[in-house]
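Both complexes below contain chain A, partnered by chain B and then by chain C.
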Partner chain A sequence: MKKSNQRPIWQKTLLGTATSVAMASVGVMGMAATASAEESFKVGFVTFLSGGASGPFGVPAAQGADIVIKAINEGSLPAPYNTKGVNGLTLESVVVDEAGGPTKQVEEYRNLVQRQDVNAVIGYISSGDCLAIGPVAEEMKMFTIAFDCGTSRLFQEIEDPQYMFRTGLDAVADNVGAARYLAETRPDAVRIAGIQQNYAWGQDSWQDFTLAMEQLMPEAEIVNNQTPQLFQGSYSTEISALQTQRPDIVHSSMWGGDMESFTAQANVRGLLSQATAILTTGESGLHRFDGQAPNGTILGGRGPFGGFMPENDLSEWFTEAYIAEHGTPPSYPASKAAQAVLALKFAADNSGTDGVPSSEQLAEALKGAEFESVSGTVRMALAGGHQALQPMSYGEYHFEDGEAELRNVRSYPGECVSAPDGYNAQQWIKEGFPGVDCN
Partner chain B sequence: MLTVWAILIDGFIYASWLFLVAAGLTVIYGVMRILNMAHGSLYALGAYAAASALGWYYAGGGDQLIMAFVIIAASAIMVGALTGLVIERGLLRLMYGRDEVLMLIVTFAVLLILEDVIKLIWGTTPYSAYQPYAAMGRINIDVLTVSGYDLMVLAVSLVIGVGLWFWLERTKVGKILRSIIHDREVSEAMGVNVRRMFTITFMIGATLGAIAGGITAPIISVVPGLGVEVIVMAFAVVVTGGLGSITGAAVGAVIVGLARATSIHTMPELELFIIYAVMATVLIFRPNGLFGQVIARKI
Partner chain C sequence: MTLEKTEVSLIGVAVALALLSLVAPNWLIFTTTLAISTALVVMGVVMLMRAGLVSFGQGLFYCLGGYAVGLGGRFFGITDALLLIVLGVAVTVGVAMILGLLVTRYREIFFAMLSLAFSMILYGVLVKSHGLGSTDGFGVVDWTILGFLPGSGESSSRIALLMALALALGVALFLNRYFRSSIGLACEAIRENEVRVEYMGISRKQVLYINYVIAAAVGSIGGSLTALAAGHVDPTMAYWTVSGEFVFIAILGGTGHVAAPFIAALIFTLVRTYAIELAPNAWQMILGIVLLLIILFLPKGIWSLFTRKKRVAS
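For the complex of A and B:
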């Protein structure tokens, strides 16, 4: 059992209990005991605290955000964020569980804005939740940052966004990046197969990947795609079906426990010695595979996050702080949550006002801006300045002497993997990536 | 031809796992007429207990495969029997004789409670204990491979199936249980301690659920919500085979397993649909399932 090697079970029990209780429904973290409403800035933080997405994504994201919020309030962040608080105000967060589906999340969002009186909202891992929240954020005129969700439709469905932002990349970038990595490192691969969770994320990812492969590796043949149920756990039959198709490459957008289970089972069954797996969210398993993935398995981290973070003062500080607190390096969800909180501090500090900035002032400060983060310099250059444009990285998993690392890492500029404004992402791929710049 | 072999092998392996999951559910319903929604949580408890115990064993330097199996069995049996005893004595005993629908709702409440209890004890981080699965290696059939661990699950499932049949058909306790299934009131009149038999049955059913979880733990990442996913599939199997019938659960598992394997190998996008299509088709022609018995209502 990999996780329990790091902490004794009683510690896990206490931590799990503390996390569940402290973060349940309406928890408060990073709040100074003496802070009054006038001297604090209240942010709603929405992430999965229960259900299958909580362990690999939701809780690490909450932990990543918590570390940055505490450091902001202590004034202990590296430059350029080494001033105390956000715009001089204590940052207080109200944590909400993202479980329950879009309808519940819209209720929770309204509750955060109208009853909890938050000044901003950060959150949303699920694309379904993001799509539901986007129009509500615009309607309620509340400054909102989506930190993780990957749907490329977020800003297609909001005409002229004013208050909704996303500080990470969408799933199109994941899959165009994956195709580019294969074209460069596995140009001789011919038979391409896939396995995706059977819902919008998996279906969209496979569509984007296969469209990109048609452009970048036209000789390659798509031989099979498996679509197991979300949280299925056992993939014995799917692995057999993939083996009978004799693929060279197996693409998967599966995430969390599903991704880890599939990798371990496919490794034991020999599929991963017959074919190379490319896992678009595989970075979250970098320090959990423990050798259960063969060396050479290609991992993505949904951008320059987690193990793909570039070396800079912020990423080094964040990695050290996260290891000190949780005993393991931050995975990409933790890094993405940290980035969203840094974006909030950037917007508040640059709002040009005293006291609590309004949603309009925050939006004006972040729109089209460039800010420093754990993933390097982030340019809010897409969706009219509301969506981050960042590089996409892939690398090969390597495990030796109990240590995991990424090798043969390749990074593609944002303009190389993301559709420019004015293009539907799928149309952009089908037309051969017009306006692309990979240099 | 390779695909046909793959369908047969995968179908029977999946069917064996389905039978393990569904056996406890159908035993409890057959004897007690309780549709135990909490069965999914007992499966999850077994999985968490086995994953934790295996974690301790391997972290302590253990590397004996046979010991790993002893640990899986011991941890799952302990947690299943104990939890079953607590649920039956602490809750269900107070409600016997109530409507089946009410009992279903009560056990659904237990499922929700146990899901949160699991989170309080084990947190939300996935647990994995792949060592036994990896240690059993694989068998190669051309390009196809079969996991040794999966074959072991198939063998365990056969042993449990035969054991249950023997217990119900060839032992004194089994005969008593069958008399209760046939007519509870007459059994009581003949001196059978029905309440005690209910306790034993529920503990055995709960233990079977936990064993299914424990055996599955080395294959999967053990995550919150595991039990909820499983209970739906278990219901599909027992409803197809006929609620309360061990033979029905076995036949239902084989039908569903083969149908699913055929779909995955030929039309993967229909994987989910095919399971429920099989169930619906069976219920159209046999509303009580393949081996279900029509029970006359007593007035």
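For the complex of A and C:
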């Protein structure tokens, strides 16, 4: 006890100084945040910068958004976005790490809105974060675009959304699309197996996929589903279990590093020479497999993103700009982030106001709108105009002479893979897709 | 009953915070509410630490409190915040009374690992519960307090803060007396020398059991408050890294005083949120360095700053 009394003076001084510097900087930062609010349009961009989802999703998404934001400020985007800035204002972004779980994200969201005075928020890869942020965005009346999260519960949990938007598809579309692709290209497949990460995304994906398969390929038999832990990394037990079932098709919703390591391991073990894998998020590995996935492996990109982007001025510009900056073509998270930023520019340019548009004006402009994007024309046609309706694409991986490409690509229109408004997605599949339009 | 000096200052600080909330920016109110909730769970960790036990599974009770609020609102239609918190405490005390029979037989690393295991079991069960949204969790219903709907926006977060303040003050006043009651002192004696305590005719098992159950109940209140403020619950609440964070904040604050966890939790949250703002790519490093410095220069926790001043003055 006595020891702690007799601190040398330098320690006391150091502590004292540190405390006062900390206090002062807190005050200064609080002032600085409010000072620069009016001259520019400030958007909060929330994405994984640390943790397992940062490498495959978070960082490419941040890079994709960054490229578009830079181009917006230079005015170098192709038409119809060739005006400088958003609604004439410089677009300034504040990047926040999405790691840490929903409670922390709610806290950081409030800080973005109230302390940093952002004018809009774009973000959220994790479905749990989206579900937690949705009600808060409505409560705080802040224009918010979810760019990637896939839960179909997002707009079921918000009654009459006003401020929350999603410019991508939900996970139901991924799995209905996967079942449709199999029904068309592998009609003779009988034994279907799956491997999913043991958490909400994996469980939801497998449920939607099996429900859709019952409708579209009633002859097929679900023989097995493995649920390894998230970030498990080694899948030898699961691969053995799958091999004993002799499947024709292995469906997997695994993503990022897990998906890549599973594919590489299953390929070496021979599972993928017996069975064809259908990877609903496989596009993020398109330029990373380097032949470690067998030719013919079916990849999805959660919509017309990444390698599935249709050819138009925006997608060509984006691919070129991304390659120039990062040396590799953009993967689907990068294009989805780019799409959300374009949606923001569209909403701001069409808000019909001078200066900084309010959240209400932005929401009014984007609700039910059609805007051009890297993935073609996006229609905000679901959830009362708050959720994008887009085609879903699948294709086969082919690797030749060091070049990876997608072949036999098929695209299903939005009405073919997404439940119409007012339907619970699972109910919609079970009832045999009422109101479906696949032409 | 006369109030002693600590109690007067605790009440004074709580009233001052309540008054400050009228002028403070809204984000600070919300952050403070979360910090107070966290501090309550940390208080449970501190209670166990005083008895020489380190729990890496306090997230179990934090999560139970949170899920009781979520499920109580969703399935039993309870919307009164206080009733939901009481429900959480009742469930948690029930669980802790059963687990306590087993875990209080163990010490040191065995206690730490066993408590961690139980919280990870809850995590595993929740992840497998597809109906409860698995890892995505689910939203908490709009709550009322004493028949009054706080509505949305600024007034709602202020009411959440006032509720957290009132509950935390109650807990702090209780624990302040508890720490100096015979059972509270017996806990410290057990940490120093268990055998001697038994020779004095005190049942160490009983003391540790009661201490464990109270620590669980306090943790549950923290979890319930977090769920009510954030409006969302998910299984991460029971994950071991969350429990680890509680232990860390406990060490940061020190076990010297009932106010220490509150100060430590507030500092931890503020450092973290400013680190995220300043360095989105390296905020963990800033947080780590700051915490390392605090531990290097204040090995007895942040509270030792206050005790030292007092000694110098006297």
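Simple rule for what comes next: the second predicted complex is superposed on the first by the 402 of 439 C-alpha atoms of A that agree within 3 Å, B and C clash if a C-alpha of one lies under 4 Å from a C-alpha of the other, contacts with A are read in each partner's own complex, and residues count from 1 in each chain.
Just so it is clear, contacts are C-beta pairs under 8 Å (C-beta built on N, C-alpha and C of every residue); 3 or more make two chains touch, one makes a residue touch a chain.
As the structure is a prediction and not an experimental result, all values here were calculated from the model.
Colleague: Is A:Ser127 contacted by the first partner chain B, the second partner chain C, both or neither?
Modeller: Touch partner of A:Ser127: chain C, not chain B.
Colleague: Output check: A:Gln232 vs chain B and chain C. Expected answer is one of first, second, both, neither. What do you get?
Modeller: The answer is first: A:Gln232 touches chain B but not chain C.
Colleague: Between chain B (first) and chain C (second), which does A:Leu49 come into contact with in this model arrangement: first, second, both, or neither?
Modeller: Both chain B and chain C are touched by A:Leu49.
Colleague: Looking at the overlay, what does A:Thr151 touch: chain B (first), chain C (second), both, or neither?
Modeller: In the superposition, A:Thr151 touches chain C alone.
Colleague: Quick one: is A:Pro135 in contact with chain B, with chain C, with both, or with neither? Answer first, second, both or neither.
Modeller: Second partner only.
Colleague: Given the touch rule stated above, what does A:Tyr199 touch, chain B (first), chain C (second), both, or neither?
Modeller: So A:Tyr199 only meets chain C here.
Colleague: Report for A:Ala183: first if it touches chain B alone, second if chain C alone, otherwise both or neither.
Modeller: After superposing on A, A:Ala183 lies clear of both chain B and chain C.
Colleague: Using the superposition on chain A described above, determine whether A:Val436 touches chain B (first), chain C (second), both, or neither.
Modeller: So A:Val436 meets neither chain B nor chain C here.
Colleague: First (chain B), second (chain C), both or neither: which does A:Val96 touch?
Modeller: So A:Val96 only meets chain C here.
Colleague: Based on the A-chain superposition described above, do chain B and chain C contact any of the same residues on chain A, and if so which?
Modeller: Shared contact residues on chain A: 4-5, 15, 49-50, 198.
Colleague: Of all residues in chain A, which touch chain B in the complex?
Modeller: These residues of chain A touch chain B: 1-5, 9, 12-13, 15-17, 19-20, 49-52, 54-56, 58-59, 198, 224-229, 231-234, 236-238, 240-241, 243-244, 246, 256-258, 260-261, 264-265, 267-271, 274, 288, 292.
Colleague: Looking at the complex, which residues from chain C come into contact with chain A?
Modeller: Result: residues 25-27, 30-31, 34, 127-128, 130, 133-139, 152-153, 156, 226, 230-232, 234, 236-237, 242, 269-270, 273-274, 276-277, 280-281, 283-284, 293, 297-300, 304-305, 308, 311-312 of chain C touch chain A.
Colleague: Across the complex, what residues on chain B touch chain A?
Modeller: Residues of chain B touching chain A: 2-3, 6, 9-11, 13-14, 17, 51-52, 54-56, 58-59, 119-130, 133-134, 137-138, 140, 143-147, 149-150, 216, 219-226, 229, 260-261, 264-265, 268-269, 271-272.
Colleague: Along chain A, where are the residues that touch chain C in the complex?
Modeller: Residues 4-5, 7, 11, 14-15, 18, 25-26, 29-30, 49-50, 94-97, 101-103, 106-108, 110-111, 113-116, 127-128, 131-132, 134-136, 139-140, 151, 153, 157, 198-201, 203-204, 207.
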